[in-house]
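In what comes next, chain A is part of two complexes: it sits with chain B in the first one and with chain C in the second one.
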Partner chain A sequence: MSKIITNNLSLWYGGFQALKKINLAFQEKRITSIIGPSGCGKSTLLRVFNRMNDLIDGVRIEGEVLIDSADILDGDFSDLVKLRKKVGMVFQRPNPFPLSVYENIIFGLKVHHLVEKSEREQIVRESLESVMLWNDLKDKLHRNALGLSLEQKQRLCIARAIAVEPDILLMDEPCSALDPQATLKIEGLMQRLKNDYTIVIVTHNMQQAARASDDAGFMLLGELIEFDRTVEMFTAPKDKRTEDYITGRYG
Partner chain B sequence: MRTTTKQKIAFSVLFLSTLMVILPVVFVLGTIIKNGWQGISWEFLTSMPRDGMRQGGIYPAIVGTVYLVSLSIVFSLPIGVMAAIYLNEYARDNLLTRLIRLAIVNLAGVSSVVYGLFGLALFVTFMKFGVSILSGALTLAIMNLPVIITASRESLANVPYQFREVSLSLGLSRWQTIRHSVLPFAIPGILTGAILSLARAAGETAPILFTVAAFYLPKLPASIFDQAMALPYHLYIISTQIPNIAVKTRYATAMVLVGISFTMNIFAVIIRSRLRKKKKW
Partner chain C sequence: MKLRLLKEFIIEKLIFLSGIASILFVILIFTFLLKEGISFFKEIGLKDFIGGKYWYPISEPERFGILPLILGSLLVTLGAIIIAVPLSIACAFYISEVVQGKAKDILKSGIEMLAAIPSVVLGFIGIVTLVPWMKKVLNLPTGLTALSGSIMLGLMAMPTIISISEDAINAVPKAYKEGALALGATRWQAMYRVVIYAALPGIIAASMLGIGRVIGETMAVMMLSGNAAVIPSTLLEPVRTLTATIAAEMGEAVHGGLHYYSLFAIGIILFVITFMINVIADIFLHRNKK
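After this line comes the complex of A and B, so read on.
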């Protein structure tokens, strides 16, 4: 089933068109990767899905983005808070708050008053377990998260995002600050998480896209050039430009 | 000239300049302490002045200054922080906000006697608060606002942009983001700025001259609508208006005044380093 569908999605930063009539469909409980050279609009596309671009002055968006069949760009769609709870985001740099591990995870819940105090322990535990950090951190829950390793920080950020129980996880180059080993571990984690979440990952790393994703989209200068099963795209690309890019003849 | 020689010259010049900054301060403090410490006693700090202020203590002046400073922060801190939040988090970067910013920077440089006259016109006369602690505290608050706004804005701007992004991505509204993901991390800087500005306010004479300060009062103020004595003004009076007063009394009064500012500064440093340790990124 399609979790996210875009119809003729275009986006302008002032006079500059960063997305050009994008049409695609992300399938539920699969990992979809978006690849393409720097500046082609990958992050911009990702940030449409939780409407983070709203923060930037002069952004104009056209077209439709359906998430669970509701058009999130529609003028009547005003519940940004609900949208962002449903669509979690993991950023490029691991960026926990300078608070304890525990406080980081319950950060969103606490503000939303979603849970009783007594349930918090349980949620912290479940969130840490689902990112496979519980065993490492169960005795360090009240230590400052800034003392963790980069990989642990990134896992913690994922835990923080899933603590508010989203359906979708957007990941913008989640491994680019990590070493190859940590990268593989995060990829392993993503395979686990896709049982419960629809994952969209932006990456510069072609091997990562090939290894870790089920579907893949290739973008160039704001256009979606090709969208297919990852295996198809990496073994038999239909477009010459895709082929050039994945064989390394492009930037 | 050889590079090492040049290096040495540059180093010496820079070092001397630093010395020039520090030396006068050391000299002033030294003079005050040398002449004043004999005048400091428990009685001096806690009793009313007697005998045309030549004897007794400076208790009412200390109390007056504490009242003024405390009340002024009650007005200036909330307003200053809210203005800073508006300017840093909400206001768009357009001509109007740039003008406001420019005005704030310039207001911070306006001479304090101008604030005194402004306070006299607005609070004492127009709003009919009379010469009172309220008028004085409001005048000090107005004088401090630009400093507090600037310091608060800087600390807000120092909170990484990512904190706001993460917060919004977790579904917090803009106000919740400011309240939970920005403000807590800006507080050390805001408090430091506020305390430093207060330390300055505690020592100013001009803003309180027309708005609150009394030459001599036989008893302590009973409400914020009373006049009060204040340390800087008291020091001015005993130094210029009262003949045959002991040198040590004057210097001891100066020492108390400097001591209050100094304590507040130390306090600011401690608060900052404490909170920083907890909320550092």
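After this line comes the complex of A and C, so read on.
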């Protein structure tokens, strides 16, 4: 089933068109990667899905974005809070809050008034377990999260995002600040998470897209050039430009 | 060519001299203060001075206990902190998060200009507006109370606190706010649940600096807080502060007498207090930079 569908999605930053009539459909409980050269609009596209572009002045969006068949572009503010509960995001640079590990994880719970105080500990534990941090951090729950290693921070950010039980996880180059080993571990984690979540990952790293995703989209200058099963795209790309890019001949 | 070298030389030396001079002056002032004050401590022990409950410098026998003055200063300052810090933080958030563009610049420089109003003027405005109003509204025997002093001091501390806190809030990485919003927080929740913690060292430093500024403040407090050297029990009584005591009594103290030296001793106590506050503020500011 399609979890996210866009119909003729276009986005302008002031006079500059960053997304051009994008049509795609992301499938439920799969990992979809979005690849393309720097500046092609990957992050912009991702940030449409949780409407983070709303923060930027002068942004104009046209078209439709359906999540679970509801158009998220014509919702009012209270829907925005609900939308962001449903659609979690992990950023390129790990950005844990300058609070304790525990407070980081229950942040979303507090914001959405999700559970009773007594249940919080349980959720903290489950969230940390699902990102395989529990054993490392169970005795350090009340230490400041800024003291963790980069990889731990990024795991914590993922744990923080899934603590509110979203449906969709958006990841914008989640491994680009990490070393190769940590990258592989996060990818392993994504494979486990896809049983429960629909994951969209933006990456610069072609191997990562090939390794970790089920479907892949290739973007160029704001356009979606090709969208297919990852295996298909990487073995038999239909568009010449995709082929050039994935074989490293682009730019 | 030679002339230019000479000019450079002279300018360089002048700058050097004025730098040295300013340090020298501070040292001189401090040694003078110490010299005049120390002889007093020899006469009356430090313990009796700080712990003494009665300040009767010209009665017979004279008593030199500054506890009421210290408590007066403390009470007025504490009141000022309670009034100024929360308001200033709210104001700083308002300026950094709500106001946009040109209005922001105007507001910011306007607030910084407030810091330049001389305290006598503020004291005077307080006497003709705040004091009668307090007397009437709270139904007090006099409007010259610790609270009046606190309110005016709070107003005086606010520009410093607002301006530096706003810088601290602005310096918070955007990633924190984005992270909070992406989790479904409203702008307001992002601010008070996350951004404020990231800006906290700066905000604390700002508050300390603002308070350091007002704790040494004299004119406005002397004019507004009633000047009764008794240990206060509420904010609604007249109090007397350390600074106001020096200012009010220096003129009438017999030069070279014990009373005269006691005022210098108060000066030393004040110096130590403000110095400590500044050092603490500095520590927080530097921690913030890292």
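Rule of thumb we're sticking to: the second predicted complex is superposed on the first by the 246 of 251 C-alpha atoms of A that agree within 3 Å, B and C clash if a C-alpha of one lies under 4 Å from a C-alpha of the other, contacts with A are read in each partner's own complex, and residues count from 1 in each chain.
Simple rule for what comes next: a residue touches a chain if its C-beta (ideal position, glycine included) is under 8 Å from a C-beta of that chain, and two chains touch if they have at least 3 such contacts.
The model shown is predicted, which means the values in this text are computed figures rather than measured ones.
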item: Fit or clash - chain C, chain B, common chain A; value: clash
item: Which of chain B and chain C A:Val200 touches, first, second, both or neither; value: neither
item: Which superposed partner A:Ile168 touches (first chain B, second chain C, both, neither); value: neither
item: First (chain B), second (chain C), both or neither touched by A:Leu189; value: neither
item: Partner chain(s) touched by A:Ile158 [first = chain B, second = chain C, both, neither]; value: neither
item: Partner chain in contact with A:Leu55 - chain B first, chain C second, else both or neither; value: both
item: Touched partner set for A:Leu220, first chain B, second chain C, both or neither; value: neither
item: Which of chain B and chain C A:Ile246 touches, first, second, both or neither; value: neither
item: Common interface positions of chain A, toward chain B and toward chain C; value: 50, 52, 55, 81-85, 88-89, 91, 93, 95, 97-99, 107-108, 111-112, 157, 160-161, 164
item: Chain A - residues contacting chain B, complex; value: 50, 52, 55, 57, 80-85, 88-89, 91, 93, 95, 97-99, 107-108, 111-112, 146, 157, 160-161, 164
item: Chain B - residues contacting chain A, complex; value: 92, 160, 162-163, 165-173, 176, 180-181, 185, 279-281
item: Residue numbers on chain A that touch chain C, as the complex places them; value: 50, 52, 55, 81-85, 88-89, 91, 93, 95-99, 107-108, 110-112, 157, 160-161, 164
item: Of chain C, residues touching chain A in the complex; value: 173, 175-176, 178-186, 189, 193-194, 197-198
